[in-house]
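After this come two complexes, each holding subunit A, first together with subunit B and then together with subunit C.
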Partner chain A sequence: MTDIITKSPALQTTPLATDIPVWRVRLRLLWRGIRTNVALFTENPIGLVGLAIIVVFASLIVIHPILMKSVWDRNVYDPVLGIDLAIPFHPAPPSPEHLLGTDPLGRDVLSQLMHGTRSAFILGSLAAIVNFIVATTIGAIAAYFSGVVDSIFMRIADLVLMMPVITILIVLGSLLNLEMLHLAIVIGILSGLGGTTIIIKSQALTIKVRTYIEAARVAGGNDFHIIFKHIVPNLLPLSFLYMTFTVSAAIAIEAVLSFFGILNIRMSWGVMIHTTQYAGYLLDMSKWWLIFPSSVSISLLTAAFYLVGRALDEIVNPRLRKR
Partner chain B sequence: MRRYLLRRIFQNILTFFLFLTAVYLLLDAVPGDFGDLYLSDPRLTPDERQVLRARLGLDKPVLERFGIWLVNLLQGDMGISFSNYPRKVLDVIVERAPRTILLFLSSTVISYYVGFLSGKVLAWRRGGPLEYTTTIAGIALYTVFLPWFALMMVWLFAFTLDIFPIGKFLDPVLWRAAPVDANYVFHRILLTAVIGGLVLFVWLYFAQRLDPAKRRPVGWAGLVVVIVGAFLYWNTSGVGKYALDISHHLLLPIMTLTVVNFAGVMLLTRNSMLETLREDYIMAARAKGLKDAVIRDKHASRNAMLPVATSFILALAFVLDGGVITESTFSWPGMGLTLLTAAQTQDVPMVIGALVFTGVLALTGHLVADVLYAFLDPRIRYS
Partner chain C sequence: MEICFHPFMFLDDIEMARYIVRRLIRAAITLLVFQTILFLLIHALPWDAVDLIRVPSAYKPGLRRALGLDLPLWEQYSIWMRSFFTGDLGKSFQLGRTPVMSLFEARAPRTLLLFLPGAFMGFGLGLWLGKYIAWLRKGWLELSASVTGVIFYTAFAPWLAFVIVAVFALGLKWMPPENIINPNIWAGTTVLTETIAWYLLSTVAIGFLIALVVWRVTQRKAMRHLFRLGGFSLIVALTAYLWLVSGLALFALDMLHHLVLPLVTLILLTFGETMLLMRATMIDVLADDHVLTARAKGLSSHQVMERHVARLAIFPVFARFIVQLPLVIVGSFVIEKAFFWQGMGELLFRAVDTYDVPVVMGILSVVGALILVFHVMLDIIAAWLDPRLRVSFSLSSPQKS
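Coming up: the complex of A and B.
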């Protein structure tokens, strides 16, 4: 992004008068960069569809606590502990009171779905942040120092690439007590140390040889300054792209693990499917409201993040750019 | 090229050793050991527990235990599986691994073949309505929640239409009077599949060198020959009925995996082709006035194949990941299901064994990928 900005003719024509404070120039440049990229992003309908799906799901997170406070009785609609005693037999089909019916334990499916959305977003963003920090730092450091440091990190990346993530997590989850936070960190580290680092590093290698890095070194910048002020900002678009893919992967992995009943999570989409399986309604399509809402949500949300990632890819990836 | 290969082989073996270390230390770091297993048993006094620990070697430092384990592993001794007591871990792996390998090898080969062909055409028609619909369908399949998709397949084809059996490896009623055991039949199925696949591969490779008009009929003839050959072999073997039963159980999981993998391969090929089509030499080929099909198949797709070939080999490393999901949904008794039950019943030797198995697969995959790369990419050959 910064790269585009520095090359834009607008910068050269900007009068570097002392009466304009530097932060305002920076802010203006940032705004212009964002505007260019938003224009590029909105060109692509695929990315917009993904974004729309994400916004819809994000709104569910906001609506849920409001509904719990105002319309829904906590004893009936609580996603984990609620039960509707007015209905004699659970799972009950969709009705005006329960728009998506109730699960085998008498809890409201819609309420669970909304609550599960929050879990999915928290897990996804945590894993993505961990992935971002790990991959960007290590990628930049490995590219900048090269030599032994690079070799060590690349061997670690090879090692992590060799590890089947779901298998490792199943083993960890069965032997230890895995909670949401642990899971997010493990997924973030595993995805960050493996493929993402290699890609970020190769990008950082192309940045390292640019003239402005040399200029920064001539100006007396130390290694730390050059890595975090000059290389990392130029890696951000690519890192952001891989963050969306990590969100996608994290949601899917959590769902699979919860489906096997391995994680210690109170409510998520995977747990909903696990409850259905546990009660023996897995192949009973006359009780479609048990399995469809959560499974479709998982598929939709992972697809949405993947779509946004692809749309970003066409902006960020220089080889796919149409310009 | 030889130096490149030797270096890569050395690096891969080093990585494998690191993998083994990581697996062992990871499982060693889990709190509690076998000495604590009977902690609630009042008949076992603390002294006896210490004796038990010493006899199992648990009082030794962790590095020494790792060394002993490593030596045993190299001799093929991975201990005894608790959940399959008294069978040895290696024994269980030898029995279950071929099932997983057949399932994944066949579905991966089919999906990569079909996915590469369709991705190629898709990139060529960028911007058309066909491209949009296929890409959307591909993304939907690629990101679908696999357990749910597998369940829907079971529900549709096995439960409602009743074309395939619901999960499991074989039909026990049919096998009651069987003269041979299931593994005997299964190993022969695997062998048939591998030999048939190889023959077909060589046949198609030489068919590509014929002139274009003959290519397709000769290719189809090869397929027919392989199928007829396999049919004749099984018809004369006397256990064809049982082989058919296992194949019948195998079809639905293969179908499911193929459909899901196919989408990913198609999208990957499409992206890779799109990148290749921007290269200057493609424009040069066009300027020469070559036919579209020639540019696509001879110039673009060969370079576009590189990332796809890598992903094909790397897919091998993730056999167990997909295996856990697919095999548990279809109750297919392969390595994935074995690992899941072992992990859930705290069967540590079996878990380590399954992880080592994945490591071996991944190591082989990486090695094959390196050799393949050296052959496919001339830049490596000359360096």
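Coming up: the complex of A and C.
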């Protein structure tokens, strides 16, 4: 097979064909694919804005432990246990020591904000990974086997679409003791089994009828091999797109639930707003530093992931693709 | 063949009828499974329901027998299913042992009054804006509209509510900040808020239907703008007159006054997604060849946009709307909590705080059933609009000679 290709006159003239090993060709193709996609992504200002916001927030996560180790005193600036005894009245307005003021319990708002960023990223990525695994596996299996398997999974998807996710989480959260990990898994499974599976499955259906799947079957590949070696890799771009939307949804859901005081999380953006509400400063616009930093951060980060998702949508979604 | 026009014309199509039957059977199965899951959920929770009711411990065995908790599981399951389908959702543990169903009868109209107009106005606004943005294709307009849409769509819902309250209610004092009615106005009447809510909802629905009829009837008329203006103002005047005659106008106005801020918040939260999606699909359709044909044969710009582009672009947006509806209903719960709008959402939060399991389970099953009904309705409408959907799920070959 390789002999025929290398000896064909069309490829003899090009320097690529003869002596370069296969892995380098593959790597070069991969690199070219990445480069085209990056070029397409950077064409769109919306995606770049989103990416910039995400990078800023990610840098906050890195800066926080450095600040805690070097400049900030642990007893004063700890996001959960710290208190500034030098200030008589809390919440105190922004000052050189506390750039975003202090909260009703005397803790530094900036430090809380940075710590909350970490929680948001951890939660979002966990939920997205669970969503990715569930949606891609089930979508590929349902599309590949079709028939009974397909209709069982699609009825499950119908059922999950019918469930009001936040309502169920409110119930679960107040009756059980939900922590971050549980929340991420529940959000990932519910969002993965519902809408995402249906979309991924319809994409997998178009891949299933390609000739290379038939070739793989003729070559003796079993079902498991075909699904995970040939179908799933082609679903990756689309699944990645829905991962960004899941991150966005997970952050928003966590904020709503923590705000109502339902979750067992020590510090997050939603918990900051809950503290403000608990102390009765919620509608007090003169104490803006209590509610604005966390709420604006929630809105900005969800918007950022959503924007990146929209920009990716235009690259990977076959319906919107310009190529 | 002569075609006879009647309102249920779409049922004449055998594919359509079969699609509706299939969809209804699927919905019934889904509802059964959903109820079963709720039943299993209660039994999976790690406590005994008897401990949640505040009675002396000596009464507990008797209570257990009275509630039927000593029966075998399958018997409890059959009771649960039978009572759900006969409309009996049990009694509240806390609120004076009121039947859950009568609590809902008071709360549901208020939630619907917020949720239905909010969802449909948000969807309509998004469609309209997305259509024009995609059609005009002005850079600055597109960018600013997209950014505004994304900001509102991803804004943290309670925070947006509080900003709106702080600005329009506490700052400018245009609207009341919270609550559903002003008790001073309602003092000394026997009129119930839910009655007014039902009347308002039916007024809006009937008015909308009549407006739609006026729109269709005048579509081919020469001076249609004049006709439409006259027709719509006639509808508005007639509605206002009927309300004034009934003597309930003051109460209705009071409720509407309290409704404005939550409704605006809900619309702001929901319109962005529809707008962005409509814009994307419009641009997609605009590249098609048939648009060029339509322009070439000399149709007006408005006709090309409405009939040849928007009508095709609407399907994916509509499908997305169906999927989004549960989120909107939950969003309206959060907004209810933020504005102290005493509907189902507020009831849910209170019930969850006091471990009122029958109320919580009742809300879950009613909301689930409501969402299912919406899904089925919108699926049928979508199939009516787009004939391809009717046959895509059929197992046998649809072609018959």
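Just so it is clear, the second predicted complex is superposed on the first by the 304 of 323 C-alpha atoms of A that agree within 3 Å, B and C clash if a C-alpha of one lies under 4 Å from a C-alpha of the other, contacts with A are read in each partner's own complex, and residues count from 1 in each chain.
Assume a contact is a pair of C-beta atoms (placed from the backbone, for glycine too) under 8 Å apart; a residue touches a chain by one contact, two chains touch by 3 or more.
From a predicted model like this one, the values you see are computed outputs, not experimental measurements.
On the superposed subunit A, the two partners subunit B and subunit C do not both fit; they clash.
Of the two partner chains placed around the shared chain by superposition, subunit B and subunit C are both touched by A:Phe260. By the touch criterion stated above, A:Lys229 is placed in contact with neither subunit B nor subunit C. Of the two partner chains placed around the shared chain by superposition, subunit B and subunit C are both touched by A:Leu159.
Of the two partner chains placed by the overlay, neither subunit B nor subunit C lies in contact with A:Arg26. Residues 155, 158-159, 161-168, 170-171, 174-176, 248, 252, 255-256, 259-260, 262, 273, 282-283, 285, 291, 295, 298-299, 302-303, 306-307, 310, 319-320 of subunit A contact both subunit B in one complex and subunit C in the other.
Remark: subunit A residues 45-46, 155, 158-159, 161-168, 170-171, 174-176, 195, 248, 252, 255-256, 259-260, 262, 273, 282-283, 285, 291, 295, 298-299, 302-303, 306-307, 310, 313-314, 319-320 touch subunit C in the complex. Listing the residues of subunit A that touch subunit B in their complex gives 155, 158-159, 161-168, 170-176, 248, 252, 255-256, 259-260, 262, 273, 282-283, 285, 291, 295, 298-299, 302-303, 306-307, 310, 319-320. For subunit C in complex with subunit A, the touching residues are 26, 29-30, 33-34, 37, 45-46, 143, 146, 150-151, 153-159, 162, 165-166, 170-171, 177, 276, 280, 284, 316, 323, 326-327, 329-330, 333-334, 337, 348-349, 352-353, 355, 360, 363-364, 367-368, 371-372, 375.
By the touch rule above, subunit B contacts subunit A in their complex via residues 11, 14-16, 18-19, 22, 26-27, 30, 139-140, 142-148, 151, 154-155, 159, 271, 274-275, 278, 314, 317-321, 324-325, 328, 339-340, 343-344, 346, 348, 351, 354-355, 358-359, 362-363, 366.
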